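Each of the next two complexes has chain A plus one other chain: chain B in the first, chain C in the second.
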Partner chain A sequence: MTLENTDIQVVNAPAARRTGLSRRQIALLMQAPSVALIGMFFVLPILSIIVLAFWRTESYQIIPDFTLSNFSAVLFEGAYLTFFLRSFITAVAVSAVSVILAWPIAYFIVRVSGRWALLLGMLFALPFFTGEVIRLIALQGLLGPVGLINSMMMWMGLQPIRALIFTPIASAIGIFYLYLPTAVTALCLSLVNFDFRLADAARTFGAGPVRTFLEVTWPLNLVGTLVGFILCFVPALSSALAPRFLGGPNGTLFGMSLAQQFGDTGTWSLGAAMGVFLFAATLLMVFMLSRAVNPQRSGFSGGTAEREGR
Partner chain B sequence: MRWPSLAPSLWIGFTAALLCATYAFLYVPIVHVALASVSTNTMWPYPPRWSTAAYTALIHNRVYLEALMNSAIIGLATAVLSTAFATAAIFGLMRYPGRHRGKLLLLYLAPLFVADIVLGISTMVFTNLFMGIGGNLAVAILANAVRCFTYAFLIIAVQLYRYDWRLNDAAMVFGATPVQAFREVTLPLAAPALFSASLSTFILSFNNLEISFYLLGATPTLPAVAWGTLRYGIRPELFAVTTLINLAVILGFAAILISLKVGRHRRLTQAEEVRGLT
Partner chain C sequence: MYIEIDGISKTYGRRVKALDDINMAIDKHEFISLLGPSGSGKTTLLRIIAGLETPSAGRVLIDGKDVTGQPPHQRGVAMVFQEFLLFPHRTVVENLSFPLRMLHLERGEIARRVGWALEILSLTGLENRYPRELSGGQQQRVALGRGLVASPKLLLLDEPLANLDRELRQEMEIEIRRYQKELGIPFIYVTHNQEEALSMSDRIAVMSMGDVEDFAERTIVYNHPKTPFIARFVGRSNAFHGRVRSVSSTAMVVDCNGIAVQASNVGARPGDEVDLYIKNEKISLLRGTAAGENAPACTVRDVILRGNFTEYLLAAANGQMLVAGLPAGAETFLPGEDVTAVWDEAAVDAFVRRLQ
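Right, the complex of A and B next:
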């Protein structure tokens, strides 16, 4: 055993002593790969679609001169705005329903199910991991013209429900099926980290269950709720696979049209402008929702200090 | 007067029913497709007339085999990259919290707010147009690694943010080197988190369509082949692929669940040992 190993001061600058690097250098080395990855393959790509959005495409050729025509096309050519509004309404409705459903579900999982909480929570996360294509195939089995629901209707001697496939409602159901697990997982994580003794304290001091929920549980989990909403809203707003497969002729959504610009039509710069538009819409939504959070009531004031002191 | 005692059980009954209905909504399609994949009456397999025709068709289709290999390569490489980077980033942030902690967190979580399709097309525009690199496996792996890095980061962070570094300090007081302390104290306790992160990112990138699709050129992956077939209508072998992937994901999740349970047990016993020592 060397003297160095028994040196108590090692405790405060552990790796530094052995490698001859300063704390700062080690900290830098540990973050460098991740920063490089996200910088190269997230920040630069986003910047490059912003640049491309101001260029032109003519007969599959990209011409680098400054123009606003792509953005004016997205904003003023009725079709794209219609697709966007349709996507926006679908995304807001689907995310709202998911979050409203996720609350009682997550509450039950975290608060009531006890030792089964991990299993029940993971059962919700599981379908998310099988990928969109696989889940859309499974959905076809449920909603399709000869799928489970309609076959059951016919088996019982009823008319099949037409709205179940190739309509905007069908793609909304599909998007709901795809992203409900995200909302539930986000809320479960929020409630797992919520100190239920706070709610118990409110009850002890005479607040009823409704008041306890409105004044303690809800505001302290508002951030988790909004994160769940956003994590559902972002992919729902730009969904391209579900409407293509379930939406039918009148169900074109913005993401699907965006994908077409990079496929058959080859109008990349217009597609880039649509991508930038989506990104901006998401940022706007995040900004507006974050303004709804009152930091003082969301547990940010002193909450971390209390946790670190424990 | 009877309301207060009745209300909680009503509420629990209601939420339990809601939970069951949602599980049914999520899993009935999966079970239905699994039954359809093993029967000749694919449309209404109740009761199923057993047949393995769909699986035979799948095995004899060479495209699926090649696609499976490519998806596995993407999954493995992405899992290794994203889990390794996320682990370094989290331990770095926990052990050496600096001034830039907030900015780094913002950068690491930012990809969550961009949908797969935008990630796919923007990476394609960047590599293809600005770097002059055509679609290939390496680019697809790196783009998937961006998406999976954030998930790995969250999965590991959720499980490790309560990690008590005094355990390492204790080990070092008793003569361990920092590396030894990390290997023998931190790593065993962090193993379930790292395992679940790498398995989750493998599954996610294996099954990803929208990121990989734009970056691979003509290289087929399993979701891309399934999507291509799906556009021409549903075929029995698609039910077979779906069922196999669902089964694999269920097995993967069972493995994660077991590792988390074992990890929790280990953490508790180790904490008791340390308490006994001091």
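Right, the complex of A and C next:
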């Protein structure tokens, strides 16, 4: 420690002379704005939601009495658990389908498209340039009773598909549409950082295309795949807009119900408790998924041993 | 022959010709080096033999069988890569057993062969380490073991020692050549390092700009370069350029800007432009001055000690710099001394410049 401090003093002699501060103090000072920002816009809101979840709201008034009634409502009033289960199943299904479809898309962008890769990647990011509501209303036009798909069906003399709009399936399609680009982006980043020469090596050592994928490409991109899954799963689980525009009467999802507590019904503390529950469920899911990965078996060292020398 | 490379060409797009009609035949017991600067096409040729790239024209035959259309995993070849390319998510044992599992060998056989590889490559004790827990030399041994363990028909090595330090490299050169002799399969070794090529190979193919300049025994490549490129690229040489002054039936005398060089007659006529190359170690030094051909008067400018030999930087009367390499234990000279650089007529590699 002493040695370290001496070093620091020497290195920073000019800065110290000018400001009278040590390197450590300067570093702390430079981090202050970002710490303040995160504190104000991330930590404080979450803390206030947690506190609010243990209070009551009565006729649009917040009453600061400690109570567990909000949580017991979330856990034991059937409707909220139903909404949550519906959200959970939707989120898992949508994330799984997104990741499965994202694999070939990302693989194509990274491996095949060559100099078009950047353009294709940008095209996939294009939906991010506009609002979620606009995109969902566009989907209404596509899926609706007289929308593009059903009009085509009827024009071909087929029965329209009723399940396409104002059903849980419709909100699942909406959520999928919103978050597929996220999965594709996550997988593209993973594949860009994957050394495809390792696949070449596997092929020269007798592995066919399928074995090469299963033994090398898949395990070494497992973390990227899980990141893609989680980045879909987290917003999908709390999705509020897609069920509102596409879900119909039986399509209420947890996030949509949560939003209603803060809007129409004015039961803010119940909404806060739902938010805390959602946060906890998400953290648990991410924790379980990260536990499922063995870093060494996914090509991450976990150690600090250097490549050269030892 | 065991391996035949028959008219292989590779073009990228319309213009870039990476390989131009390469023909080689390799015997079963041979250690072959593809030697050339970067961009000469040597790695492309190796990847075509492995099946990782498709040739634009030509065929590759291994053990009498045309494998040109076969994917890499059906060819029964193995490869050692410059960056090792060990599977980072697999331990040493798992990396070594990979090619064996792909052959669907039974467990006992896999264990036996992996044990053999661990033994001959002195990797015992590192079985359960992951690649990044190994030193560069250890990673190299695992890569080599992974190449050898399945007894391939042919082992391809793509600059496998380029990432190792000099001492380790020289140690591995001896090892690699030993494995090749013991296993009795051909090794095709790509390198830009002439020392590696010369120390290990039976025959060397010198490559330049997509062509094989010469494919011959290493002593021939070194002592009798077939082209000016080989003369420049292999060994350390002094280059002269001049016009032929006179020819006899066996010899010619070339005037190189005041230095008269006598060389074997390579079919030149008086007045022809020729390029001459003399390897550093084929020049020796005499005290004082002398007259005649192959004996320019020089001044010693600097002395560079290389350990087992000494290099003398010489300035000739016409201003040209020469380098003479004398073995350790030879007579020594001091900077500023006047000397005569002398060499044999046979030491001169001469090439007549053909008119374009």
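Everything that follows uses one rule, which is that the second predicted complex is superposed on the first by the 270 of 310 C-alpha atoms of A that agree within 3 Å, B and C clash if a C-alpha of one lies under 4 Å from a C-alpha of the other, contacts with A are read in each partner's own complex, and residues count from 1 in each chain.
In this section, a contact is a pair of C-beta atoms (placed from the backbone, for glycine too) under 8 Å apart; a residue touches a chain by one contact, two chains touch by 3 or more.
In this text, all values refer to a predicted model and were calculated from it rather than measured experimentally.
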item	value
First (chain B), second (chain C), both or neither touched by A:W218	neither
Which of chain B and chain C A:W116 touches, first, second, both or neither	neither
Touching partner for A:F196 - first (chain B), second (chain C), both, neither	neither
Chain A: partner with more touched residues, chain B or chain C	B
Footprint overlap on chain A, where chain B in one structure and chain C in the other make contact	209
Of chain B, residues touching chain A in the complex	7, 12, 14-16, 18-19, 22-23, 25-30, 32-33, 36, 43-44, 81, 84-86, 88-89, 91-93, 96, 98, 104, 107-108, 110-119, 121-127, 129-130, 142-143, 145-146, 149, 158, 168-169, 172-173, 175-179, 181, 200, 203-204, 206-210, 214, 223, 226-227, 230, 234, 238-239, 241-242, 245-246, 249-250, 252-253, 256-257, 260-261
Chain C to chain A touching residues, read off their complex	50-52, 71-73, 77-79, 81, 83, 85, 87-89, 98-99, 102-103, 130, 132-136, 138-139, 146, 150, 156
Chain A - residues contacting chain B, complex	1, 5-6, 8, 10-11, 14-15, 17-18, 23-24, 26-27, 29-31, 33-35, 37-46, 48-49, 52, 62, 101, 104-105, 107-109, 112, 118-120, 122-127, 129-142, 144, 146-148, 151, 155, 177, 180-181, 189, 209, 230-231, 234-235, 237-241, 245, 255, 258-259, 262, 268, 271-272, 275, 278-279, 282-283, 286
Residues on chain A engaged by chain C in the complex (per definition of touch)	195, 197-198, 200-209, 211, 215-216, 219-220, 296-299, 301, 303, 305, 307-310
